Amino acid sequence: MKRRTLLKTSLAASVVMAVGSVIPGRVMAAYPKAAFENKDAAGALNDMFGTSDYAESGDIKIKAPEIAENGAVVPVQVSSSIANIESISIVVSGNPTPMIASFNMHGSEGFVSTRIKMGKTSDVLAVVKAGGSLHATRQEVKVTIGGCGG
Amino acid sequence: MSFRIITTVTSIAILIGMVLGTSIAATDEEIAEGKRIAFNRKLGNCLTCHMIVGGELPGNIGPPLIAMKARFPDKSALRAQIFDATVKNPQTSMPPFGKHGILTDKEVDLVTEYIHTL
Amino acid sequence: MRKTIYTIVVSLITSMIGTLALASTPTEDLKAFQQYYMDRFPDTPKSDFNNGVYSIDAAARETFESIEEFAPYEIDIEKGEELYHKPFANGGTYNDCFGEPGVRHLYPQFDSETGKIVTLESAINDCRKAAGEKKLKYKKGTIAELTAYMAYESRGNVFDIKIPNDPRALAHYNRGKRHWYSKRGQLNMACADCHWTNAGNMLRAERLGPAFGHMTHFPKYRAKWGNLGTPHRRFAGCNSQVRAKPFKAQSDEYKALEYFLTYMGNGLEANGPATRK
Amino acid sequence: MAKKTKIRAKEKDGIVIAKVLMSHPMETGLRKDKKTGKKIPAHFIQEVIAKAGDKTVLEAFWAGGVSKNPYMSFKYKGAKGEMLTISWIDNQGGSASKSAKVK
């Protein structure tokens, strides 16, 4: 336990140094560690946004396979026509730590695409923060169990 | 063959502390255990090839496991098929679960009991 | 914990499966082999079989295409390009052996001097050996980065593997063919059980791919591996999955299997590297 | 191990579509080594920053749930010939930066 704490501190220090060298003059938000380590989807949203309340929105589209051939690489694309999007987050409730990625949009178009890991069949939740409130939509992705026995 | 079933079932019955009557009908526990083995990916892994009610995303290599009592009025014929399907059809894709020791004789018995209920 | 028991017994049923009896010639085999898959999947154009299972599964193809749009192996191609052109200690390069990098579609070859099968991977190590360099491991890593670049440079070229009328070449071919059709392992399954008899069927939620086109896209990046692998890495994986003892990468057995299976895909375009599940 | 990043950025009608591929193991810290049975330490990209010229156009925070050799795509208002710079840092202090011209 003690060793872990030490390790974490030294890692944090090196991260800060690395940021300083790679991204000069960076004035960005801090890494939302608690949200990414929370084992509960609502908890993670709460850590990230201070609330886990969101409005279901038809203006957010998720493109993801209905059945994932392999949970190690699941393409997920989120697009939204909502105005002034601050961030788009991807949350997988069935994963050990549901918060996967959060994109601060800095004025970019309401579109992100990435590839994520899914441990088992679960909903993919796309959360859009705009105008200070949360909007979300979800899609189930079935993760297949490999056919051949282990 | 039937002697083996009787001895195996008897020993299981003793193990789990149950009193076996003259009938060799499987207990609920045995059927549940058979189901566990049938669904387990490292053991029976039946769902890989067969549809079984209650099993998610089954394969379709083999026939759906339904109406098994009608298809196998004689339970020992079902057991023989699970034990070594190559006897009936040398080209079958079904692994010889008993003959190749994929399952123990006891496990083949339990899976047979479970499949026969479907 | 159950110990996996490797059954070495191979039950050989030569008369099994379809029209491919061992007595037929490679040309006859090829025709019957390709026709079988074209009949089975009439909606798939012949030239599309090099996309493996994605040639017959529209839903899975969407994911495949989404990943292929910017595939993880593109980084490996870049690494492979650097490796390929980096001179050896003696000043030589791979080009001295291969002439040009785009030669994926020309392998495996029968070498009439030695009577052996030369795969792209074995040719790379022969090239290194001749230059005084250390041999590379055969299943993944550097060798797959090199072949990823070479395969990429070969894209669009058509496979035309030759089986010369030489008893030694035919022996390799027949050995590979026998391997493919023979049941093996504790699960008693042949390559053909899944990829011939049951091609297109579902193994749980996984669709079994047709074998026509199995060899066009190596090295492949499997999501399961998280990196690139050579043909023999895949063969070993298949053998292990039926709980048979795998052969060694670049063993005569796997070289023969690669020779047979690549020949069966003659006429298809090289399209490696590619991603698979 | 070389840290490679590949960028493709194309402009159409004033919108740049950026596609980025990064070479990274993205270990969650939950996976066990098959041979030793020991947990593989967490090693994943935590933050990615995209800049068009000097302007930040996207900032991504990630956990180990993003796939190995991560891919991301996004769209922003931009022009041909501009530079797009992608920089990342991981939880072990590793980092990389790569620029490409918008086509």
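Every chain is named by a letter (A, B, C and D) in the order it is written, and numbering of its residues begins at 1.
Here, contacts are C-beta pairs under 8 Å (C-beta built on N, C-alpha and C of every residue); 3 or more make two chains touch, one makes a residue touch a chain.
No experiment lies behind these values; they were computed from the predicted model shown.
Legend note: the chain whose CA centroid lies nearest the centroid of all displayed protein CA atoms is C. Should one ask which of A-D and C-D has more C-beta pairs in contact, the pair is A-D.
Separating the CA-averaged centres of chain A and chain D is a span of 14 Å. Here the spacing of chain C and chain D, counted between their Cα centres, is 32 Å. Chain A and chain C have centres, each the mean of its CA atoms, that are 37 Å apart.
Shared interface positions of chain B, defined as residues touching 2 or more other chains, are 42-43, 48, 57, 59. Contact of a single residue of chain D with at least two other chains is seen at positions 68, 71, 73. Of all residues in chain A, those touching 2 or more other chains are 67, 72-74, 77, 115, 142, 144-149, listed in ascending order. Looking at which chains touch one another, you get A-B, A-C, A-D, B-C, C-D.
Residues 2, 5, 7, 11, 13, 16-17, 186-189, 193-194, 197-198, 201-206 of chain C are the ones touching chain B in the complex. Contacts from chain A toward chain D in the complex involve residues 11, 14-15, 17-19, 21-23, 26, 28-29, 31-32, 36, 72-74, 77, 92, 95-97, 99-109, 111-117.
Those residues of chain C whose C-beta lies close enough to touch chain D in the complex are 67, 69-72, 74-75, 78-79, 226. Those residues of chain D that touch chain A in the complex are listed here as 15, 26, 28, 30, 46-47, 49, 55-68, 70-77, 87-89, 91-97.
Partner chain A is touched in their complex by these residues of chain C: 59-60, 62-63, 66-67, 202-206, 223-224, 226, 241-242, 277.
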